[in-house]
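Both complexes shown next keep subunit A, but they swap its partner, so subunit B is in the first and subunit C is in the second.
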Partner chain A sequence: MPIKKKGTGLTAVADAWQLADIDVSASYPIRPYTAVMAELAKRIANGTMQCEMVHGEGEHAQFSIAHGASMAGARATTGSSGVGVTYAFETYSPIAGSRCPIQALVGDRTLDPPGDFGSEHTDCLTLRDNGWIFGWAQDAQESLDNSLMYFRIGEDPDIMLPQIVAMDGYFVTHIAQDYIMPDQDQVDKFLPKFNPKFRLDVKNPVIMGPQIEPEMGPPLEWDRHVVMTKVKEKIVEVTEEFGKVFGRKYAPFVEEYLTEDADMVFVLQGAHAVTCRSAIKYLREAGFKIGLCRLRWFRPFPDTALAQILTKFKVAGVIDTGTSYGAPCSGGVLSTEVKAAMSEVAGKPIIQSFTSGLGGETITHEEFFAMAEMMKQTLQAGKIIQGGTWVNFNDYHEGASQINAAKHEAAPSK
Partner chain B sequence: MAKVYKQVPFAAIVPSPQTENEGMITGNWRFLRPVVDKEQCTECKTCYIYCPDACVNFAKADGVSFNLKYCKGCGICSNVCPVGAISRVPELDFDE
Partner chain C sequence: MAVAELVKSIAHTTDLRDTYVPGHRTCAGCGPALAYRLVAKAAGENTIFIGPTGCMYVANTSYACGPWAVPWTHAQITNGGAVASGIAEAFRMMIKKGKIQDKFPNVIVMAGDGGCSDIGLQAMSAMFYRGHKVLCVMYDNESYANTGIQVSPSTPYGATTMFTPAGPAIPEAKKHQMKDPMPIFLAGGHPYLKYGATASIGYPIDLMNKIRRGLAEDGPAFVHLHSPCPKGWSFPPERTIEIAKLAVETGMWNLYEVENGDWAHKKFSVMPKKLKPVDEYLQTQARFCHLQPEHVAKIQNFVNNRAKALGMEVPLPPAQ
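Our next item is the complex of A and B:
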């Protein structure tokens, strides 16, 4: 029987990994990732979990260990945060290129300098070009569920790609909440044993990752490109099957909230969606016809799904919780990607870029109100009045105080 | 006409062991070539152990030789030779 537990995003992923019966987990401490490695170590020491845990001397070694384990046919996991993610950078393309479906957990943390333990998506977004599949979970339950779905998608013989279960540091990794831990039988039904076609085996030796000639490079990269397009079909299939087996139904790519009659919409990913939803309730009371589109996947980027959904609205405010210095329109990576995905779509909305929640700052109701006010003025003018807004750094927050007053007058919708 | 690329197996995984793979000749990366002085060579096989590309060959009756189709000229053999019998000579010094 599935059981209800109280735990964090990291204990939820540790539960997912235990249920998935992982063979090897490579570790190296860095906050906020560290708690999952401590949780696994505790379970292995207590004898409640069978797994080979290997401690690297740094993140580069850590991901290399997982790479080697996966080549040997193990279901391998690892993970990191912030500058740890970037320290291991050399390993990401070889892991994807050798088609090793290891799973990494990234508990987002801002990149240095200075040392900042807060969450932002910049660390994980640096990996977007390496052939890993990933997206953000908004809470502990989704972290657990994503982990199981990602194994299933990444280890599919037609896919064979590594995955990142990304989650906002502290907001998801460390805040205790209720989640349902599935039953072992359910997981066994959903997730078959990892059985790769090729593995390092002394009885049938192969060379993995050999030196190749330049003429052989493009076909390998073409393979990775083509398989990424197949991942989208697989996501739809696996998400649907997940709903049938576990009873929790997710939108495959984009989760909508109060969008039926909306003419404006926030577009974001990750845990700030939770605050955004409650802010939308107040905004609705104040007369704003606004909703939310939360992206569940970042790679492969759900361009087709997003194009279909966003054409319903007149203004889309894309909120980046990461940076890309010097990017077009002063936006971040997400806003650049959304604009690129919508560039050739007829009837697209006006897309406005916001950057907020950097360094682990919570995006407050007031900040959502200010963004909504800007979007409303864009809607009325029919064009962007002020593009590329870093929230709290622009002199454009008169609207925030008015909505804030309305918030205290109006009771939230239940 | 479209360029025809070489066919590559899944993730470039190839059978092993094999001393030569015609599809993956990398000797053209080299700009320094190992040359052995057979008078000094004691055939201790240290270079054979250390060569990362398995290019050192002792199969022939006349002692050590190098498989130049795959030697990238890294110089490890020259560095580890205990009697200094292996030198590195610029490729431009050779006709072929």
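Our next item is the complex of A and C:
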């Protein structure tokens, strides 16, 4: 029987890993992801789980240990946060390139400086070009469910790619919430045993990761490129099957909230969606026809889904909870990608970039209201008034003053 | 600990199957290639190799093929120890759970001096500390050789490399004495690392038996394997073995074993009656040809001190 539990995104993923019968997990402490490893350690000590926990001497080792375990044919996991994620950087491409479907949990944390524990998506987004598949969960339940879906997708013989179950530090990793731990039989029905076609096996020797000639590399890269298209198909298939087995239905790529009659939408990913939804209720009362589109995947990027969905609206306000200094249009990574995905779509909305929630701050109702206000001004003006808005820094008040300035400029007498 | 079945003679080795086979493009007279062949021969067929980046990765696996009849995987130059740890624990756990029917394999990391004692030191130390059943063989050609011979911590004082040329301002070329991984790993700081040995391709039977003793351990083991490099050290390829032996005869290399983690009572497998002057060794290699007498004296002094520190009770050449 599925069990009703109260816990965090981290205990929820520990539940998923227990149910998935992982063989090896590699740990190293860094807040806020750490508690998943503490939870595993407890379960291993109690005999609830049979898994070898290898204490890496750093994140680079953690990912390398999991990589080795996966090559040997084990289901292996690891995880990190913030500068831990970037410390392991060398390992990401070799793991994905050798098609080892390990799973990592990233509990977001700001990159140093200034040594803030708060959540920002920048850590995880830095590895977006390395061939891992990942997306953000908004709560504990979705973290658990994503973990199971990611194993299923990543270990599919047609895919074989590593995955990151990303979640906002603290909002998801540390706030206790109600969730349901599925039944082992359900999981066994949904998630087959990991059985890679090739592993390190003395009875069937293989050479993994040899040096190659320059012209031998691009076909492998093409293969990694093409497989991402297959991942998109697999996501649709697996998300639907997940709903059938576990009774929880997710939109495969983009969750919509109050979008039916909306002319403006917030676009974001992760836990800030929870506050966003409640802010939208107030905005609706105030007469804003506004909704939310929450991305469930970042790699592969859900461009086809967005092309279908975002064309329904006039203004899309993309909220980045992270930084990419010097990025196009002064936006962050998410807004840049959304703009790129929509660039050739006919009837696309005006896409406005916001940066908010940095340093692990909650994006407050007031800040959502401010963004909605600015989006409204954009809607009325029919064009971007101010690109790349950092909420609370160069915020909508300045945008409003620019409208005023423009108005004065347009006036016949100064 | 299982008892190692020892190799008695070269004649005995013809019964052993080679699993490091032709089909690579190492240099003529390559010491590390011979090292690989002997290690693989000693280890046998139930073996998995992990090859961190180094010349034995680049020269062996070019063109997407490799000269192994056993499983081999690349690791980054940084993480041979960590990847091997993951492999060993995966096998242990999967066998324990009954997920696979494999016999636990010999897991061997063949790391160069850079991949073991420099950029790869952290991962290797952690692997020894955690006690995984992995043999680390540090095949030491005293440089970063696959990138064209650059200085490593193993490069002897006074050797030229691309990063340590000799010139009027730095007449001795490399300024630092070498780092010694044996005491780093085996002088007591890694409690589960019980077996360690230095070996040389100039002494193949001794080398193969050290590999077998290492593999017979229940936990980790370390073999530091001296592997002369004709290209990097600038000597004719037919002199590889001669130079390997000369290193031992001059004390530039010492052959000993540490058993049961007992660093204080190391066992010398080859003890020259007396050490020849280092100059005899230095003169065989063009990487030392710029050295002045005061530099040679410095090397002699270093070698004499190391011999004394290791407890070699043999007559030493004067350090003048």
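Keep this in mind: the second predicted complex is superposed on the first by the 395 of 414 C-alpha atoms of A that agree within 3 Å, B and C clash if a C-alpha of one lies under 4 Å from a C-alpha of the other, contacts with A are read in each partner's own complex, and residues count from 1 in each chain.
The criterion applied here is as follows: a residue touches a chain if its C-beta (ideal position, glycine included) is under 8 Å from a C-beta of that chain, and two chains touch if they have at least 3 such contacts.
Only a predicted model underlies this, so the values are computations on that prediction, with no experimental measurement involved.
*Asks:* With everything superposed onto subunit A, say whether subunit B and subunit C fit together or clash.
*Replies:* clash
*Asks:* Using the superposition on chain A described above, determine whether A:Pro29 touches subunit B (first), subunit C (second), both, or neither.
*Replies:* A:Pro29 contacts neither subunit B nor subunit C.
*Asks:* Thinking of the overlay built on chain A, is A:Ala74 touched by subunit B (first), by subunit C (second), by both, or by neither?
*Replies:* After superposition on chain A, A:Ala74 lies in contact with subunit C alone.
*Asks:* Looking at the overlay, what does A:Gly97 touch: subunit B (first), subunit C (second), both, or neither?
*Replies:* First partner only, subunit B.
*Asks:* Once the shared chain is lined up, is A:Gly387 touching subunit B (first), subunit C (second), both, or neither of them?
*Replies:* neither
*Asks:* Comparing subunit B against subunit C, which has contacts with more of the residues in subunit A?
*Replies:* Here the partner covering more residues of subunit A is C.
*Asks:* Look at A:Gln211 in the shared chain and tell me whether it touches subunit B only, subunit C only, both, or neither; answer first, second, both or neither.
*Replies:* Both subunit B and subunit C are touched by A:Gln211.
*Asks:* A:Pro219 contacts which: subunit B (first), subunit C (second), both, neither?
*Replies:* first
*Asks:* Given 42-50, 60-68, 114-122 or 258-266, which part of subunit C has C-alpha atoms clashing with subunit B after the fit on chain A?
*Replies:* After superposing on chain A, the stretch of subunit C hitting subunit B is 60-68.
*Asks:* For subunit A, what residues appear in both contact lists, the one with subunit B and the one with subunit C?
*Replies:* 205-213, 216
*Asks:* Residues of subunit B touching subunit A in their complex?
*Replies:* These residues of subunit B touch subunit A: 5-8, 10-17, 21, 23-26.
*Asks:* Report the residues of subunit A in contact with subunit B in the complex, numbered from low to high.
*Replies:* Touching subunit B from subunit A are residues 97-99, 160, 197-198, 205-213, 215-216, 218-220, 223.
*Asks:* Residues of subunit C touching subunit A in their complex?
*Replies:* 45-48, 50, 57-58, 61-66, 68-76, 78-79, 81-87, 89-94, 96-97, 99-100, 102, 105, 122-123, 125-126, 129-130
*Asks:* What part of subunit A is in contact with subunit C in the complex they form?
*Replies:* Those residues of subunit A that touch subunit C are 21, 23-24, 26, 50-52, 54-58, 60-62, 64-74, 76, 90-91, 94, 193, 200-203, 205-213, 216.
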